[in-house]
Amino acid sequence: MQNTAIIRIHCPDQPGIVSRVTNFISTHNGNILFLDQHTDRAEKRFFMRVEWDLDGFAIDANSIEEVFTRAIAEPMEMVWTLNFSSQIPRMAIFVSRASHCLYDLLARYSAGELNVEIPLIISNHKDLEIVAKQFDIPYYHLPLTKENKAETEAEQIRLCSEYKVDFIVLARYMQILSPEFNAQYPDRIINIHHSFLPAFAGAKPYHAAHSRGVKLIGATGHYVTSDLDAGPIIEQDVVKISHHDTVKSLVQKGKDVEKMVLSRAVQAHIERKTLVYKNKTIIFA
Amino acid sequence: MQNTAIIRIHCPDQPGIVSRVTNFISTHNGNILFLDQHTDRAEKRFFMRVEWDLDGFAIDANSIEEVFTRAIAEPMEMVWTLNFSSQIPRMAIFVSRASHCLYDLLARYSAGELNVEIPLIISNHKDLEIVAKQFDIPYYHLPLTKENKAETEAEQIRLCSEYKVDFIVLARYMQILSPEFNAQYPDRIINIHHSFLPAFAGAKPYHAAHSRGVKLIGATGHYVTSDLDAGPIIEQDVVKISHHDTVKSLVQKGKDVEKMVLSRAVQAHIERKTLVYKNKTIIFA
Amino acid sequence: MQNTAIIRIHCPDQPGIVSRVTNFISTHNGNILFLDQHTDRAEKRFFMRVEWDLDGFAIDANSIEEVFTRAIAEPMEMVWTLNFSSQIPRMAIFVSRASHCLYDLLARYSAGELNVEIPLIISNHKDLEIVAKQFDIPYYHLPLTKENKAETEAEQIRLCSEYKVDFIVLARYMQILSPEFNAQYPDRIINIHHSFLPAFAGAKPYHAAHSRGVKLIGATGHYVTSDLDAGPIIEQDVVKISHHDTVKSLVQKGKDVEKMVLSRAVQAHIERKTLVYKNKTIIFA
Amino acid sequence: MQNTAIIRIHCPDQPGIVSRVTNFISTHNGNILFLDQHTDRAEKRFFMRVEWDLDGFAIDANSIEEVFTRAIAEPMEMVWTLNFSSQIPRMAIFVSRASHCLYDLLARYSAGELNVEIPLIISNHKDLEIVAKQFDIPYYHLPLTKENKAETEAEQIRLCSEYKVDFIVLARYMQILSPEFNAQYPDRIINIHHSFLPAFAGAKPYHAAHSRGVKLIGATGHYVTSDLDAGPIIEQDVVKISHHDTVKSLVQKGKDVEKMVLSRAVQAHIERKTLVYKNKTIIFA
């Protein structure tokens, strides 16, 4: 497999950014594989993702950060990250009782479609231990009560640290993480909310959708912030419904859109195609 | 063209409803063309629409109401309406400045796709008078201010009455009708709201959508009630957007989904396929 | 769980069908739960599905067929089937190497979303035996060559018979069944084809789609007939693509639409909502 | 309104393309507004669209072509085009009898959404003259018979030449243009075909779709080549249908998807976002 470098950038909009970044790569014999950029004119902010082949690149991988910082990032006031395709991100999955999102992620994972490691699954229930066993992934059952929330989160964080977790996917984990927990993984916790946000934020969105009589329901994959269901949106989709639908059939139809939206959001994150700026996402091509 | 009778019913759920209604039609030599029914088990309520050919029907059209009431509707405690396909509904269109919904309705109308009469267009601006002229439809420019709202609405109602208007379409009419106005046309005013309600109710939904960073925008066709943007939803749809979209491009993309959603909602109303119950709609097949 | 009877009918269009069928149910104290009908005016053919609660029904379940035949089906020249919700259909899954459709079906099955038994999985490859093991379902590896096709199919049929299989799902089974095999299961073999048929029938549809430069790809769930990829269509869907897509990325994007379309088609079949007439399907609500 | 230059390029894939093109613009004080590129690895071909503000650009607009050719296009073996946003393209519309696509284009045009001039409409029928009059656009009725096809096409070409037409939109023009006609406007005739090509190419696609029993119908906007319905596809979309649909209702539902797809294809062409290569299109962002 090709070893590539991926740089994601945002900086004040100014002339010559693309030119300088692509020059940097070209003059060091890097072959650009993907390049996508975006200018937010209202914010006067420039965004860019560039991925290039490291084979034959004149700068040693370990020195890219330093060289690029000095040559380009600092003078252009860039906020930026550097990743290598050889670094496989490590993803923890948090679940409660519903299996559809977990199965969809694990089926993709076991088919080699997600370039990720899944070192552990954490749940506040025992129900899905059997799924974890099917895929031979360690499963930690950490029951949650109002009383033990702080300790349980401490244990969750300890496990994620022990397993060197890079990011966390809440695959229908029906619990609200504390601001302290979220602060450990800024822009690195992905949640699937079972409505097209901002409609029906909070609990029981399908009940609310049924009660309101909407003609479509949806799902939203987003980064978690301390503001409930208000974090940066990565992906959304909807499905048509009708007056025939009951809350039960909405829950059922919603499962399909939930799992597809979550898997697409996770895939974008794994491929380092997301960038968060001011509570919104740029999703690079 | 075939002359048909259309009955829309709702009543307490009970055995034998379909059987009695279809018997009534069959035994009087009526040939059923369309039948759709729905049972809301939570509400214990039954809904039905049946349309049959009046050619050869044994009961005179003028007597159907009386006979059906006595034979079926009263004993089964039905709330019901009777319409004839020969009654072409008369639709007033209210607009402000944006032309896309108006053009879409009028293009369908002039192609014979909407089985409706459009006796007049009312606007608080002069901008779209030229469109009305293109299609040779009387246009009333009634400027609106905070001060003259009551008089203007009185004049709007007088015009609708003079032109024997059956229902009103707010085709991007950027004004809020008073509860008194709405009360004149219960379940007979259709509005297009430029968001997937209940998200972004109220003013400037595209600004709000852009600010929230959603990945899709939508439109909602609904009956107007005195509760702003909270009336029974007839039709909704969405379109995907991205971080590239500005408020301006959202407005532009939104136009397409607005006009399609509104035209579909109007079509369903004209074909007598809608039924309102407890702030929700049944949309019959 | 409620025990219900389900009747699917087609017959020459004639007055009074709905009335007679619903009368039959009502007068024997049957409570109708679902009713959907369709008239094909060009074919002068009437189609209907009705489901009612057997609790308190005056006719014994074993006698319904006989009584309904005499009273209604024969006089109205109906082609019809009777099923009971208590009969759980038994579904064999045939696969080759791709796991996405198999996982999607098994994940739904294990979550209790498919009211079906899955007694066995048959494959011409060993690859997915591990998946079958995860879900504890017998897996038969029957390698296929040009030479052994007849014997292999005989063995497949023997296994399906031994396991009392009602219908077969080809979940990306990359082999063509012989007409003799198909004749054993008329309207009871569901295939997923990886294109929006009739476009790109036959082998390698994603290569063909890429070569043609289409802007969307799709999938089609259909009943298998002896005419390759030409059987009655149950369900279709598409996904947008762009010039960025390679054959490889089409294959990847296609997986999502394939698995959703197949699962929906299978669900419709299990719920006895499909009816085949003249190489087309009626999909009842 | 901003005056911008737009360059569309394709050339053999090679290192440093983006860098050299963006350098060229930056070093001459051009501010890049949009940049999108694509590499087709199988074809080893690079594609790019870049748009920049001419305000303050150091090279005179009239000299850009020469300078860019010498400095970049020739050495890199580019096939390329240069456009200026100040050049408003001139679009002829060809129609037959159906008005929906024409109205949709003209409604957008009169609302200022299409940055285009429409100097004339040509038809083989008189039906839509009234629409042309509504929008005050010259309408030429050129009846077509087998006998007069060559002369009529000559007259069509003469008119397009007289009115300085840049490209032609076949807005449900139900005639096949001769290869000679097509040769006059390579990649500059846009047709809307009423199916999701390559399914149902040729005449009467809705009849064919109904006969096949598909569950969705579509429309395809494509450039016209001498190969009927086989030219490069710009845009496609579909809409769900069911067994309830007749050929007539398919025609009706199809109109909505036809007009949307055509208008989007036309918009992409007007904005110079399309590029044809080997019978496929690149649609730049």
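By letter and in written order, the chains are A, B, C and D; residue numbering begins at 1 in each of them.
The rule we apply is simple: contacts are C-beta pairs under 8 Å (C-beta built on N, C-alpha and C of every residue); 3 or more make two chains touch, one makes a residue touch a chain.
As the structure is a computational prediction, the values presented were derived from the model and not from experiment.
S.K.: Applying the touch definition from the top, give me the chains sitting in contact with each of subunit A and subunit D.
M.R.: Where subunit A and subunit D share a partner, that partner set is B, C.
S.K.: From the C-alpha centres, identify the chain that is farthest from subunit B.
M.R.: Chain centre farthest from subunit B's centre: A.
S.K.: Between subunit A and subunit C, what is the separation of their C-alpha centroids in Å?
M.R.: Whole-Å distance between the two chain centres: 36.
S.K.: Let me have the rounded angstrom distance from the C-alpha centre of subunit C over to the C-alpha centre of subunit D, please.
M.R.: 41
S.K.: Two or more other chains touching the same residue: where does that happen in subunit B?
M.R.: 244, 285
S.K.: For subunit C, which residues count as touching subunit A in their complex?
M.R.: 98-100, 103-104, 107-108, 110-111, 113, 134-135, 244, 252, 255-256, 260, 285
S.K.: Considering the complex alone, what residue numbers of subunit A touch subunit B?
M.R.: 38, 40-42, 47, 196-200, 212-216, 218, 232-238, 242-244, 246, 279-283
S.K.: Write out the stretch or stretches of subunit B touching subunit C in their complex.
M.R.: It is residues 15-16, 18-19, 22-23, 25-27, 29, 31-33, 35, 37, 39, 285 of subunit B that touch subunit C.
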